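These notes are about the structure you will find just below.
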Amino acid sequence: MYNEKVMDYFEHPRNQGAIEDADGIGEVGNPECGDTTKIYLQVEHDVITDVKFQTFGCAAAVASSSMATELIKGKTLKEAWDLSNSAVADALDGLPPKKLHCSLIAEGAIHAAINDYRTKRGLEAWKEKKESHAEH
Amino acid sequence: MYNEKVMDYFEHPRNQGAIEDADGIGEVGNPECGDTTKIYLQVEHDVITDVKFQTFGCAAAVASSSMATELIKGKTLKEAWDLSNSAVADALDGLPPKKLHCSLIAEGAIHAAINDYRTKRGLEAWKEKKESHAEH
Amino acid sequence: MFIAPQWENPSVYLARKEYDMNTEKRLVYMDHAATTATRPEVAAAMVPFMTSTFGNPSSLYDLAKVSRTAMDGAREEVAVALGADPEEIFFTSGGTESDNWAIKGIAFAKKAQGTHIITSVIEHHAVSHTCEWLKKQGFSVTYLPVDCFGMVNPADVEAAITPETILITVMMANNEVGTIQPIAEIGAIALKHGVLFHTDAVQAVGHIPVDVRAQNIDLLSLSSHKFHGPKGVGALYIRSGVELDSLIHGGAQERGQRAGTENVSGIVGMGLALSLAVKGMPENALRITALRKRLTEGLLAIPKTYLNGHPEKRLPNNVNVVFAFIEGESILLMLNRRGISASTGSACSSRSSEPSHVLTACGVPLEVVHGSLRLTLGEETTEADVSYTIDAVKEVVQRLRDMSPLTPPELRSQP
Amino acid sequence: MFIAPQWENPSVYLARKEYDMNTEKRLVYMDHAATTATRPEVAAAMVPFMTSTFGNPSSLYDLAKVSRTAMDGAREEVAVALGADPEEIFFTSGGTESDNWAIKGIAFAKKAQGTHIITSVIEHHAVSHTCEWLKKQGFSVTYLPVDCFGMVNPADVEAAITPETILITVMMANNEVGTIQPIAEIGAIALKHGVLFHTDAVQAVGHIPVDVRAQNIDLLSLSSHKFHGPKGVGALYIRSGVELDSLIHGGAQERGQRAGTENVSGIVGMGLALSLAVKGMPENALRITALRKRLTEGLLAIPKTYLNGHPEKRLPNNVNVVFAFIEGESILLMLNRRGISASTGSACSSRSSEPSHVLTACGVPLEVVHGSLRLTLGEETTEADVSYTIDAVKEVVQRLRDMSPLTPPELRSQP
């Protein structure tokens, strides 16, 4: 069902874990749906210096969360905000069509983490362009 | 489907053929139904001294006609009249249930031949006890 | 009892048992329209999917993936044989299920739009009995006649269409008399009128070229055991976009359209058998047609013998004749004693004595209809088989005519 | 890729591949409820009916008689396994077809008498989706609840019966949680009220004793591939005197009730497999139950792990647990990497992420229902397999819990 790259990121997830005293934390999904992802960000001068994730969910959710953290590490918050779930899927060499929605959860959790960081600093939360993916 | 005795009487029919100048001839069935049997009788002093048959039909029809001729040879006309189709089937060690009706045609042809003999001699035709089997 | 075959070349000599070892009787299989032997290499390809890579294709682990990949391969092979896309192929348990599914599936899915179905009088029971059942459920059915060659007239199809018509189902090639129907013409008419078109191609697939696009076919039934694949597996081609109810509901197999754990080994066997049949078709069709012509001529040399079906537009392997004055079952049993396997009418009705509805529909007179013999050849049929069969049939016909009260004196051996 | 198995003793070690030769990975098949390997001796018995004695059972010649005789033998074997008469056994293409036939067949045959069907919420989709389709055709369906062990209450069955009720269909043993239903009690209630009773015994036949007379069963579905027979073949037991419509119309096969050229080799294989399963049942059930208990205990030693289904009244081979904080597909894929084939819910739904309707019906809370694992043992499962599986599951659960945001600190390996 999954390609080898997805399986690799599922079996050996990059950036898995938590960051103590993270600057921003975002969590979306809920266990009743079968998918939850939590993103921890370390931010310096608007740049993501460290990022970790935790995921409860299927292999697609795990792999895309892991890939997403790799893609936003070292990027500005704006760049990270603009990372689309299809870019994540592409970076994984594709996901099965019916699993595509699982990559949305990473995008959602990153957005939540960025806004957590911003609101903690008294900045206005950024708005989602499309509908929120939080409850995919 | 058929037992060996039936197949033997089908493959090597006893008394198959015609009798020139037969004393009585009976034919029942019709080719549209797929079964026709013709019986030829030679009669002396009310006793069947020779009998032949011709059959157009399935193996059950052929075998039971052949068996019937064997059973009535040397019998009185009355005895021959009383030969039932189930006695013929028994003598063949049985017929498949759905082929049982095929043995009726021999009984019918024998009756027709006997009545042909009787009416030719000015005697009254005997009546069938049950409904005629001629058009089974 | 039958004995293990002595293969000379397994891909040519399929179920070749030249002689019964016990009786030294010659064995000639002349009933390929009833069923065919599974090719040894096909059976060999199937076994590992039973005993070794046996995973349920719906499962998630590697063992299941082997099954899925194998099924995908078979789907591709079937699609190629029909000129279809793999996504349009759905596996079933055989031709009968495919026919039932196509017809009932469309009927139930479209009943709000209309309840009229058009078919022909010469369909296999898998189609006609399905239509009869639908009549009990409130549908109406038009049975188109055939000419004396067993051919449906496309003009009749067009004339039968009403605004209520939801489906036309006409078989591609008849199983008894072998007549090949004008499928492309009927397909064009169906298309023109926006009516769905199903064809029962069980006797055609693997034997004559089929192209669902060129022939405008929306649904097509096929069955593996008619082209040297295993029994109990078949397929329904459903043109993409055509929606129909499921016949067998349950799990999500076959993209949710046909439930039930897939017969993986059977499907693999069917795919392989069909690809081999298609590959060998040009050569086989030529060779078998030549044998069929020799056989036909040999049989028609018997007096009062008539050919059934179309003289030219027929399956390469089908010979169907009637002999006046004798009856079919007797012919079969006598041929069986001579080692020849043959049929009178379709295999399904050979154990009942009603005359074949196909022959009757072709106008074969009632007084000769019972004397029909179908001989259907196959890849492994040889010239010697044909010669042996002609001689045996001649002898048997004469014996039975000698036994029949209907035979005129000039046709008796001892008048 | 999988490699040819090295049989130690083919009748015991079915599809035993202890190691994948390429990766040297240990292979442990723990999904016998999804499907089983065909026994090598069963496959061997099937092949001649494909390549050699391949005749169509409906034909008249000797070759066909061999097929008929073999089918009669298989029918007898199936009948004996159920305590039925051979005339009450009808061959189908599998459990799903049998379920569809039983339910639709009764529904269409009896719709003038009533249109109400009683079933349970934990049926296989082959039953529940069939009932859903019948609802669209105007029938009404009552879905009985189950208790937290997945058990139907016979009193609920009785309470649901109305004068309109034509059929009760409750499965004998559940495919996900293994719970064995009170079939004899439900059968007695059906008898008392003059309502027909069908049971989907696909998971039960060949694994636990079945007696259609003692259990008052009118119709029973079974499937060959669940007891080491081939896929794509099954049977429906129909108590003599029970009348139902056909699902698959056509030729006169199966005494006119199920049309289509019979899957002779599959039927022969099923008969042999079932007779072997019944013969080995007492010994196997004991041994497998002991293994199952060890496996269950091993898994329940993992914290926040709960057993699904009935603790005692369950299939000998079924273990079903939920692990809090982790998700099923991930568990399966990680076990697969360790050579273990397992399932989360039934095989049919394992590729969709909706939570199992069975677990939900048993009241498993939504926040843990996604973390279910079904391990189903078989004849060839060893003590070593069980030990290996316990260790592997422990490791995988820990890895996934470490990865999950839901896991409380005390359950993490590095908190």
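Letters are used for the chains, namely A, B, C and D, taken in the order the chains are written, and counting of residues starts over at 1 for each.
We adopt the following convention: a contact is a pair of C-beta atoms (placed from the backbone, for glycine too) under 8 Å apart; a residue touches a chain by one contact, two chains touch by 3 or more.
Source: prediction; values computed, not measured.
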| item | value |
| --- | --- |
| Label of the chain whose CA centroid is most distant from the centroid of chain D | B |
| Distance between chain centroids, defined by C-alpha means - chain A, chain D (Å) | 40 |
| Rounded Å distance, chain C centre to chain D centre (Cα mean) | 34 |
| Geometric centre distance via CA averages, chain C-chain A, whole Å | 57 |
| For chain A paired with chain B, centre-to-centre distance based on mean C-alpha positions, whole Å | 93 |
| Residues of chain A touching at least two other chains | 1 |
| Overlap residues in chain C, where contacts from two or more other chains coincide | 60, 329, 333, 351-352 |
| Topology of the chain contact graph, where touching chains are joined (line, ring, star, complete, other) | line |
| Pairs of chains in contact (touch as defined earlier), listed by label | A-D, B-C, C-D |
| List of chain A residues in touch with chain D within their complex | 1-2, 7, 10-11, 13, 16, 27, 31-32, 34-38, 54-59, 61-62, 98 |
| Footprint of chain A on chain D - complex, ascending | 325-327, 329-330, 333-334, 337, 351-353, 355, 366-368, 370, 402-406 |
| Chain C residues within the chain D interface of the complex | 1-2, 4-5, 14-15, 17, 29, 31, 34-40, 42-43, 46-48, 50-56, 58-64, 66, 92-97, 99-100, 108, 124-127, 129-130, 132-133, 137, 223, 225, 230-233, 245-253, 259-266, 329, 332-333, 335-336, 340-343, 346-352 |
